[in-house]
Amino acid sequence: LEIKSSDVHPMGYPTTDAIEYMGQLLSDWTNGRITIKIFHSMQLGGEKEALEQVQLGALEMTRVSVGVVGPIVPDFNVFNLPYVFRSLDQMHNVVDGEIGTALLDKLSAGGLIGLGYMDAGSRSFYNKTKAIETPADLAGMKIRVMQNPIFVDMVNALGGNGLPIAYNELYTAMQTGVVDGAENNPPSYESGKHYEVAGYYTIDEHLMVPEIFVFSKKVWDTLDEVDRQLIRNASVLAARKERELWAAREKASMDILREKGVTIVENVDKTPFIEATKSVREKHGADYADLLKRIEATK
Amino acid sequence: MGGAFAPVVLLGSLFALLILGMPIAYALGVAALVSAIYVGLPLEAVLLKVSDGVDDFALLAIPFFVFAGALMAEGGMARRLVAFANIFVGFLRGGLAMVNILSSMFFGGISGSAVADTSSIGSIMIPMMKKQGYEDHFAVNVTITSATQGIIIPPSHNAIIYTYAAGGTISIAQLFMAGIVPGIMIGLALMILAFVVATKRNYPKGEPVAIRDAARITWEAIAGLFTVVIIVGGIIGGIFTPTESAAVAVVWAFLVTMFIYRDMGWRDLPRALHGVIRTVAMVMIVIGFAASFGYMMTLMQVPAKTTAFLLQLSDDKYVILMLINIMLLVLGTFMDMAPLLLICTPILLPVVLAVGVDPVHFGIIMMLNLGIGLVTPPVGTVLFVGCAIGKVSIEKVSRHLWPFWFVMIAVLLLVTYFPVFALYLPSLRYPGVSY
Amino acid sequence: MRPIYVRLMDRLYWLCIGIGIVSVVCMTLLIFAGVIMRYIFLIGANFAEPLSIFFAVQLTMYGAAACLRAGVHLRLTLFVDMLPERLRPLPMHLVQLLLGAIGVFMVIYGQSLVRTTWFQAYPEFVYVRVGFVYSAIPISGLFTVLFVVESWLYPQAMAQELEDEARHAEKFAEEEARRLTL
């Protein structure tokens, strides 16, 4: 069995490396009977397309952001809410616990077998004009966000102007002042060289969106119980590996940013940010009130 | 996937279908379906790719380019640009040939399509040149070769197709900037050639244009040329995304044709739109089915295998580029530009990246090269359109094509081996670009 | 009087072109509105992108079916033209058969695709179902089959229109040349 797996990231990225590791494990355990062939760097298309191919059984596996599975299992949309998690540990406890497992199980209605979660870090604001310490510093700033009403509302609630523009236009947009800043995790901020045009980075961690990797139910149904268990076991180890790789990568990026002289605001008081975005959680989280309560109760 | 024979099924069925005369888009689709059946892939996946292939925001610039170009063409833009070009070069020996080339430089900018340029500028210039004693084959050859400038002078929908085929990783703004110098080089080289031929055959000169007329002509032309400023300025300046720039340009082109030029009435709009829909659908469906085809190629690892094979032949940048140029020139004589860009880019880009060629530079090389293919017999869309408009046989035009062809090849080689021509302008603005 | 089937196909052709025209006009207005909102009202327009992509897919699929009827798709005629006159219908019929087949494929597998994705909504724009976007595949596939059948029964159905277009283009060129004095 050759498992075809798709990812939008190139090899050498934590997610692709983790899937490669998963392939090695499977191949070792089965003497090469089960292998994984990774189609990286969007060779087979973007996340939405890859997911649809997995639903149809044309691909066995893919790694996607939860935003893409929101249309299939709306509960996943809660991860897109600002400050749904207070800390990385809380996020890990949620996805590793009952809540996370139950969400993955729901995917089977959409023809998917949820294998596990991966880290994608926390997103924080960066801009070209000043160090942001409190939401008041964001007042009037034009901040690029991803294409989703939640993120626009989030920036607006904090006093700025959320503008969705394409990621590959962002560098020039900041350079020419079409936007004043944007928000992303340290590795993206660093590797996209956005610090060259926007040198103020505030670690406010307003979004902590995990990613998931899924298997095709069509193909899964043809596998015997032993192979399914092998894949499950390898998934657990791959997810653990990815967390380590991600943490290492994030540290490396932060080191580079410091070296490049970026003004980094750390240990920021999150409370005013959390309070300012309460309306966003209420508005966009109305349908998931119960789930939100259970997440909040998790340590 | 599917063993060593699978790529043979995929490529073999494509060639067979093309030879049978099947529309290229559908030939790509049937080949993808046949090979999906061969390797046992769910067939929905092939169809999914057709729709996902065109489901890309950056591609939406294409309908807008076509739309703006059509408004300008039907609104009398070609005529105004010809008059504008006449101010600068009309009085030279062989003036009309120069005017033809220069107006293509302007118009090609707007429409971004060599075929649109040939039919708009050509249908005005070819009869006029014939009347003034230029040989018919010369008039057609000047028209079709200069029309290929439009492919690389920004804006160009082929540049959009290239960045899309390259996986959306290349900046359209950089590619647009990179196309300016090579495009002007083609124009200048053709003008020198036309001047030499005109002197030898004693073609007529035109009259210098009176200053008062020149002012009016310039104003009218500039209103239209501002369409290009919106698109190119909007993208390079980072003010708009390429798609947004193109949509704004459509609105501008509409205002200019309806309220400044007023050649076109409201009643002419449906006809213009009818043409737009057909052109757009024709290009976009090729993109869609090429996405299915490309998907099957990737699953069968054709690009990876080709890279390994070519790098085995040589790892010298110049040798690889020469091999690729020859291959594209041959393919270009049979196939149209968009399908070749879509099929060859994913295969060839990893190869040239491996030997250290800049992807923006390579885009310009591909577009120049395949542009030459559009005028080269036996199959060349621009050649066919030019011959139809000039009412000259393809054989006659082709027999006299070689000096033009030689000039274009010379520019291609210069641009291939001296990346500075393509990359100098982008390097001024983007710190990552060097040559 | 044109046969009834041809007249029906005329309607279908203009329906396809009509969908295309509505799509391209809507796309232009949507994206232009998005730009205006961003620069003048400083609000991001979430709807512009997903909706215009929806229109682009419709334009492509229905427009392509119409192009098939008008016979304007890019194709390679070089090798077919090299055949002796009496053999030429052979590849032509084979191609028609294959076009019909791909139309049937589009209908069957397209509707299965629509069913798989019907309950999925776009994240940015919940009113557009993913399956609705894909519905253009089976429907335009059906149109493709109908047009192929027409080309078999009445091969010259569009000849007059194409001739008219060519004549218009020639007249337009003459008019332009007349107005131009160099």
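When the chains are written out, they are named A, B and C in that same order, and each has its own residue count from 1.
Methods note: contacts are C-beta pairs under 8 Å (C-beta built on N, C-alpha and C of every residue); 3 or more make two chains touch, one makes a residue touch a chain.
Just so it is clear, the structure is predicted and the values come from calculations on it, not from any experiment.
Of all chains shown, the one whose average CA position lies nearest the global CA mean is B. Contact counts per chain pair peak at B-C. With centres computed as the average of Cα coordinates, no chain lies farther from chain C than A.
As a whole-number value, the distance joining the C-alpha centres of chain A and chain C reads 38 Å. We define each chain's centre as the mean of its Cα atoms; on that basis chain B and chain C are separated by 22 Å. Of all residues in chain C, those that touch two or more other chains are 49, 113, 116.
Shown for chain A are the residues in touch with two or more other chains, namely 52, 56, 165. Annotation for chain B: residues touching 2 or more other chains are 44, 48, 55, 57.
The part of chain B that touches chain C in the complex is made up of residues 17-26, 29-30, 33, 43-44, 46-48, 50-51, 54-57, 59-60, 63-64, 67, 74, 76, 78-79, 82-83, 86, 90, 96, 99, 119, 123-124, 127-128, 206-207, 240, 243-244, 247-248, 250-251, 270-271, 273-274, 276-278, 280-282, 284-286, 288, 334-336, 338-339, 378-379, 381, 389.
Looking at the complex, you find that chain A touches chain C at residues 52, 55-56, 67-68, 70-72, 77, 110-111, 142, 145, 147-149, 152, 161-165. Taken in their complex, chain A has these residues touching chain B: 2, 4, 37, 39, 41-46, 48-49, 52-53, 56-59, 165-166, 168-169, 172-173, 175-176, 178, 193, 196, 218. If you check the complex, the residues on chain C that touch chain A are 38, 42-44, 46, 49-50, 113, 116-117, 119-124, 130.
The touching residues of chain C, counted against chain B in their complex, run 17, 20-21, 24-25, 27-28, 31-32, 34-35, 49, 52-53, 56-57, 59-64, 66-68, 70, 72-80, 91-92, 94-95, 98-99, 101-102, 105-106, 109-110, 112-113, 116, 133-134, 136-137, 168-170, 172-173, 176-177, 179-180, 182.
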